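Note that chain A is present in both complexes that follow, paired respectively with chain B and with chain C.
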Partner chain A sequence: MLEVKDLHVTVEDKAILKGLNLTVNAGEVHAIMGPNGAGKSTLSAVIAGKDGYEVTQGTILFEGQDVLEMEIEERARAGLLLGFQYPIEIPGVKNIYLLKAALNAARAARGEGEIPAPEFMKLVREKSAQMKMDTSFLQRAVNEGFSGGEKKRNEILQMLVLQPKLAMLDEIDSGLDIDAMKVVAEGVNSLRSADRAILMVTHYQRLLNHIEPDRVHVLVDGRIAKSGDKDLALELEARGYDWVLEESVA
Partner chain B sequence: MASEEMEQLVRREYKQGFVTDIESDTVPPGLDESVIAFISQKKEEPQWMLEWRLEAYRRWLDMTPPSWAHLDYPPIDYQAISYYSAPKKPEDRPQSLDEVDPKLLETYEKLGIPLHERAALAGVAVDAVFDSVSVTTTFKEKLHEAGVIFCSISEAIREYPELVRQYLGTVVPQSDNFFAALNSAVFTDGSFVYVPEGVTCPMELSTYFRINAANTGQFERTLIICDKQAQVSYLEGCTAPQRDENQLHAAVVELVALEDAYIKYSTVQNWYPGDEDGKGGIYNFVTKRGDCRGDRSRISWTQVETGSAITWKYPSCVLRGKESIGEFYSVAVTNGRQQADTGTKMIHIGENTRSTIISKGIAAGRSDQAYRGLVKIGSRAKGARNYTQCDSLLIGDQCGAHTFPYQEIGNSTATVEHEATTSKIADDQLFYCRARGIDEEDAVSMIVNGFCKDVFQELPMEFAVEAEALLNVTLEGSVG
Partner chain C sequence: MSAPERFLERLTARRAEDPSWVAARRQAGAARFEALGFPTRRDEEWKYTDVRRIAEGDFALATDAGYDAEGFEVQRLELDAYRLVLVDGVFSAELSRLEGLPAGVVVEPLSQALADNHEAVGGSLGRLAGVDFSPFTALNTAFADEGVVVRLSPGTVVDKPIYVLMLSRAGGQPVMSHPRVLIEAGARSEATVVEHYTGEPEAANFTNVVTEVLLERSAIVDHYKLQETGSSDMHVASIHVEQARDSRFASFNLHLGGALVRNDLVADLNAEGAETTYNGLFFVQGRQHVDNHTLVNHNAPRTFSNENYKGILDERSHGVFNGKVFVKKDAQQIEAYQNNANLLLSDRAEIDTKPELVIYADDVKCSHGATTGQLDEEAVYALRTRGIDEPMARALLTLAFAGEVMERVKLNAVAERVERAVAGRLPERFNLADLVETAEAVQES
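Moving on, here comes the complex of A and B:
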C-alpha cells in the first residue's frame, strides 16, 4: 500500500532523513519508534505534504501513485490521513462543519454526491459516542479550549468519520492519561481491517500494549536501523536505544 | 467591457465640462452658492434648509481635508465634481443584461442574487425590474399603522420639517469635519426614520426597499430618531457590488436614541473597489455618529466593509445618557489595492455608560488597512466601562494591518480594557484543513469566516448569510 524508497529529506538545509526505506501492506499496523530528533515526525509530515520539508532524493508511492506529485488535499482524499501530535485550534469554525467539509471533499473526489444531512448526523453521533465525546463537542470550534486528551480523541473521531486507507498517527499517545489512552486505542483498533493500514509514530511501548503492532521499526539518525515484531518494542523498553545505535554503526 | 467604456465616456464628458442651463437636470462641475441654491430649489426645500446648507458651505470653504489617516490618494479636485444630476434617463442606461460587464454578472451569480434583481443592480433600464411595488405597498401600510415614518430625507424636509429641524446636525454638526461640511452643503439623498415613543418597529428597515433608492446619492444624508422606549433595526447597503460613476462618496449618518431607546444599525458596504491597480474605485469618506441622548439608551453599529478603493469611516457613539450603551462590531476586508482606515469613537459622558468594540480586519493582496479607535471617558462618567478587542488577519505577505488605539481617561473609576492581535493566516491552520482533504481556497474561507464569527452573529440572520458569501467572493484568488 505504502512504499517509501531511499527517502532523503532536509529541513532548512539540515539532513533529517537519510535514505529511509519502509513498506506497509494493507491490513498491517506498523509502529515507528526511536530517540528524539531521529526524524520520526518528519516521516509522517512528509507523507502528508507539510511545507518546509525538502525531499532531495527517493520516492513515496501510495497504491502505486506518486505521493510527492500530489497536493496536500489530494493525498488526504486518496485516503492518506494524518492524526496530529498537536492539533491546531481554529476559532469560530465548528468541529462538525470541518468534519462535513472534509467528508464531502473525499466523497466528491470519489465522484459521490454530498452526504445527506440525516445520514451524516447519524454517523457523527455514533462515532462521537464511540470516542466517548459528548455531542456538544461537535458544536464547539475546532479544538478550541479542548484539553490535550480531548484534542487527541477528536483526531481519532475524524479518522472514524473519514475512514482513511492509511491512518498515520503522530504521537497520538502523548499527553493522555490511562483512561483516555484506552478510548483512543479502542478507536484506533476499530479502524483495523484487511484493506486498511495504520502507521504509528510513538516514543513509548505503553501505547503498543493497547494497539498491538505487526511490525516495529527503530528510526535512528534518519534511517530505519532495525525492524522486528512487537517483541522489539519490549526490548527497546527494557534496553533503550543505544544498543540499536551501536549495532547499526557496527 | 461595456460598463468600463461607459465610465470612460462619462469621465471624458466631465473633463470637457458639458454646459447645461439651469432648467435642465444636471449642473456643470463646480461648487458655489448658486449650485447649492439650485439643489435646494430642485428639492423644493424651505428657506431655512437653504440657509443651513449655505452656512455649512461657508464653513467648508475654510476647512482642509484631513491628512491624519493612513491612506494614500491623490488630492481631489472638488471643482471637477458635478453636485447634482437627476437619475439617468432610461435610454442612457444599459438596455439589457447583455450590455453589462460579464464579470459583474458572474459575481451576482456567486452571491446568489435573484435574476430580476441583478438587472436593477447593474442599472439596466427595465420597467418594474423589482416586482417591488406590491412589496413596498404592504410594507408602507404596516409602518404607517405602527406610526413609524420612513422616507427619503428630501421628503422628510418637506413633510416633517419640525422633526428634521429639531434633530438635523445635532449629532454631526455642519462643521464637524471637512467631508461632513461638504455633505451638509450638497446632500441630495438619504433616509429619514422616526420611531415614536414606545414603538418597536415591526420590521427591519432597509434602504433596499425604499422607493427611489436605486440611485444612491453621492452625498447621502441619513437621520434616524428613536423616541423613548422605541426600537429599530436598520440595514444599509447590500452585498451586491455597486458601481457608480461618482468616485467620491461622502455620506453622513446621524442617530438619536432617547430614553430607553435602542437603534441597531447594520451596514454591508461593497462599493466598486477599482480594477487590479485600484483604478476607478470609489472613495468612501463617511461620518456616522450615534447619540445616546437618553438614559439607558443603546446604539449598536455593525458593519461589514468589503468594497471601495478607499474607506475612511468611524461609526461612533456619544454616550450622554446615564447607563447608556454603545457597541461597534466591524469586519473590514481589503484585497487588491484597497485601503481602509476605519474604526470607532466611544465618548463616555454619562455615569455608568458602557461600550464594546469588536473589530476584525482582514488584509489580502497588496491592500493596507488600519483600525483607529478612540475611547474617551469624561470627568463625570463615573463607573464607565469599555472593552475593546481588535484582531487583524493577514493573508499573504504583501498586505499590511495597523492598529491605532487612543484612550483618554478623565475619570479614575472607569474600566478600560484593550486586546489586540495580529496574525498571519496560520500556515498550520491551513495545513490542518488541507490534510483533511479540504482545498486551499475553501480552507481560507473557512478560517476567515471563523475569525469573523463574533461580528457576523451580530448581523440580522439574512445579512449574515450574505456577508459570508460576500467574504468568499472578495477573497477569491487571494491565496496560491
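Moving on, here comes the complex of A and C:
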C-alpha cells in the first residue's frame, strides 16, 4: 500500500531523513519509534505534504501512485490521512462543516455525489458517540477551546468519518490521560481492517499496549535502524534506544 | 460652471407641484449644497475618500422605470416580502408587490405620500437628516422626490420583511438618483426593512440615498442594507436613526459592490433602555473603494450599543472604517462595545481604520478594538490535509472570518447572497441551517 524508498529529506538545508525505506501492506499496523530528533514526525509530514520539507532523493508510492506528485488535498482524497500531534484551532469553521466538506470532497474524487444530510448526520452522530464526544462538539469551531484530549479525539473522529486507507498518527498519545488514551485507541482499533493500514509515530511504548502493532521500526538518525514485531517495542521500553544505535553503527 | 451648479441645473427640469414646505426644503438643500460644494480630502470626514469621480460626472435624471425582466428575476432576493421597487430612482408599480399589507402598516412610494397626505410625512422627513450633515445630504434634500415611506402604527408587528429594491440600469448616459427612505416605527411596533441595491453589472450611475428611521418607545426595527451594484456604480448613503426608550435597532450593513461607496450610519439613543446594534461587513476587490463611517450617540443613561464591522479586502481595493462612539455628559451606566476586524487577501489592498471613543460620563462600560490580518496558512494546510481543495479551504476561512457578522443575519436570502459573493463557490449555506435542523432532529430522535 505504502512504499517509501531511499527517502532523503532536508529541512532548511539540514538533512533529517537519510535514506529511509519502509513498506506498509494493507491490513497492517506499523509503529515507528525512536529518540527525539530522529525524524519520526518528518516522515508523516512529508507523506501528508507539509510545506518546508525538501525531498532530495527517493520515492513515496501509495497504491502505486507517486505521492510527491500529488497535491495535499489529492493525497487525502486518495485515502492518506494524517492525525496531527498538535491539531490547530480553526476559529469560525464548524467541525460539522469540515467533516461534510472533507467527506464530500473524497466522494467527489470517487465520482460519487454529495452525501444526503440525514445520512451524514447519522454517520457523524454515531462516530461522535464512539469517540465519546457530545454532538455539541459538531457545532463548535474546529478544536477551538478544546482540551488536549478533546483535540486528539477530534482527530480520530475525522478518521472515523473519512475512513482513510492509510491512517498516519503522529504522536497521537501525547497529552492524553489514561481514559482518553483508551477512547482514542479504541477509535483507532475500529479502523483496523484487511484493506486498511495504520502508521503510528510514537515516542512511548504505552500506546502500543492499546493498539498492538504488527511491525515496529526504530528510526535513528534519519534511517530505520531496526525492525521487529511488537516485542521490539517492549525491548526498547526496557533498554532504551542506545543499543539500537550502537548495533546500527557496528 | 462649478460642479455643484452643474448638478443643481438638473433641478430646474423638475416639476414644480411640490407642497410649499417641500419646495422650501428643496431650496434650502440646494443652497446648502451650493455653499458647501463637494467634499475634498482636506475635510477630515473625507480624508480617505476621493469623490471627484462623482463631482466630475455628468448625471442625468431617469424618467422611466423600465427594467429587463430576466435580470430582475436574477438580481432580486428570494424573499417572501412586501416589495417596493425603484429603478434609477423612479418608482416601478409593475415590479412592486405591496398588496396584502396588514392593518396598521403603510408602505408607499414617497411621491404618493407627498401627493396624498404630505402633512403626515412633513413632521418627520428631514428631521434626522438635516442639510448640514453633509453636502450629499443637502444634495439629496434638493432633489429627493421619490423613495419609500414606511409607517407602523403603535403595536403593529409586520409579518413579512419590507423589501425596498433599488435597481441601477446600464447603457446610455449615467444617471443620478436621490432616493429618500423614511421609516416611522410607532410604539411597540416591529418590522424588518431590507434596502437592496443592485442592478445591471455595467451600470455606472450615482445613487445618493438618505434613510431616516424613527423608533418610538419599545419599537423594534431590523434594518438590512445590501449593496451589490456593479463595479462601476457609485453609491453615497447616510442612515440616521433616532431611538426612544427601550427601543431596539439593528443595522446590517453589507457591502459587496460598487466602485465608490460611502456609507454613514448615525444613531441617537435618546432615552433609557434604547439599544442599537451595528453589524457591518464589506467585501471588496478589484479597485473598489468602500468607506464606512459610523456614529453612536449615547444621549441618555442606560443605553446600549454594540458594533461589529468586518472588512475583507482583495486585490487593489481600499476600505475605510471610522467608528465613533459619543457618550454625553451624565449619560451614566451606558455600555458601548465596538470591534473592527479586517482581512487582507492581497498585499496591495489597503484599509484605514480609526475607532474613536468620546466619553463625557464617568460610569460607563466601553471597549473597542481593531485588528487587521491575513488568512492563517496553517489552517489552510490543515483543511487541505482533510481533502478540501485550496480554493474551498480559503473560502471557508474567509467566510469563517465573516461568520460573527453573518450568523446574526436572520434572513437566509440575504446571508446566502453575501456568502456566495464572498466564498464564490460554496455549494450551500455556510452555516448549514438545514443541516443544523437535521442535527437537532437526529438528536431528539
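Going forward, the second predicted complex is superposed on the first by the 250 of 250 C-alpha atoms of A that agree within 3 Å, B and C clash if a C-alpha of one lies under 4 Å from a C-alpha of the other, contacts with A are read in each partner's own complex, and residues count from 1 in each chain.
Everything below uses one rule, namely that contacts are C-beta pairs under 8 Å (C-beta built on N, C-alpha and C of every residue); 3 or more make two chains touch, one makes a residue touch a chain.
It should be emphasised that the depicted structure is a prediction, and the values quoted were computed from it without experimental measurement.
Student: Would you sort A:S193 into first (chain B), second (chain C), both or neither based on which partner it touches?
Tutor: neither
Student: Specify the partner with more touching residues on chain A, choosing between chain B and chain C.
Tutor: C
Student: Between chain B (first) and chain C (second), which, if any, makes contact with A:Q57: first, second, both or neither?
Tutor: Touch status of A:Q57: no partner.
Student: Is A:S147 touching the first partner chain B, the second partner chain C, both, or neither of them?
Tutor: Neither partner.
Student: Counting only touches as set out at the top, which of chain B and chain C does A:L98 meet: first, second, both, neither?
Tutor: In the superposed model, A:L98 contacts both chain B and chain C.
Student: Who does A:R77 touch here: chain B (first), chain C (second), both, or neither?
Tutor: In the superposition, A:R77 contacts both chain B and chain C.
Student: Taking the superposition on A as described, I'd like to know which of chain B and chain C A:N25 touches: first, second, both or neither.
Tutor: neither
Student: Residues on chain A in contact with chain B in one complex and with chain C in the other?
Tutor: Residues 48-51, 71-73, 75-77, 81-82, 84, 87-88, 90-93, 97-98, 101-102, 105-106, 109, 141, 158, 162 of chain A touch both chain B and chain C.
Student: Which chain A residues qualify as touching chain B in the complex?
Tutor: Touch residues, chain A against chain B: 48-51, 71-73, 75-77, 81-82, 84, 87-88, 90-93, 97-98, 101-102, 105-106, 109, 141, 158, 162.
Student: What residues on chain C touch chain A, complex-wise?
Tutor: Residues of chain C touching chain A: 376, 378-379, 381-390, 392-393, 396-397, 399-401, 403-404, 427, 430-432, 434-436, 438-439, 441-443.
Student: Within the complex, which stretch of chain B touches chain A?
Tutor: 426-429, 431-440, 442, 446-447, 449-454
Student: Touching chain C in the complex: which residues of chain A?
Tutor: Chain A residues touching chain C: 48-51, 71-73, 75-77, 81-82, 84, 87-88, 90-94, 96-98, 100-102, 104-106, 109, 114, 117-118, 120-122, 125, 135, 138-139, 141-142, 158, 162.
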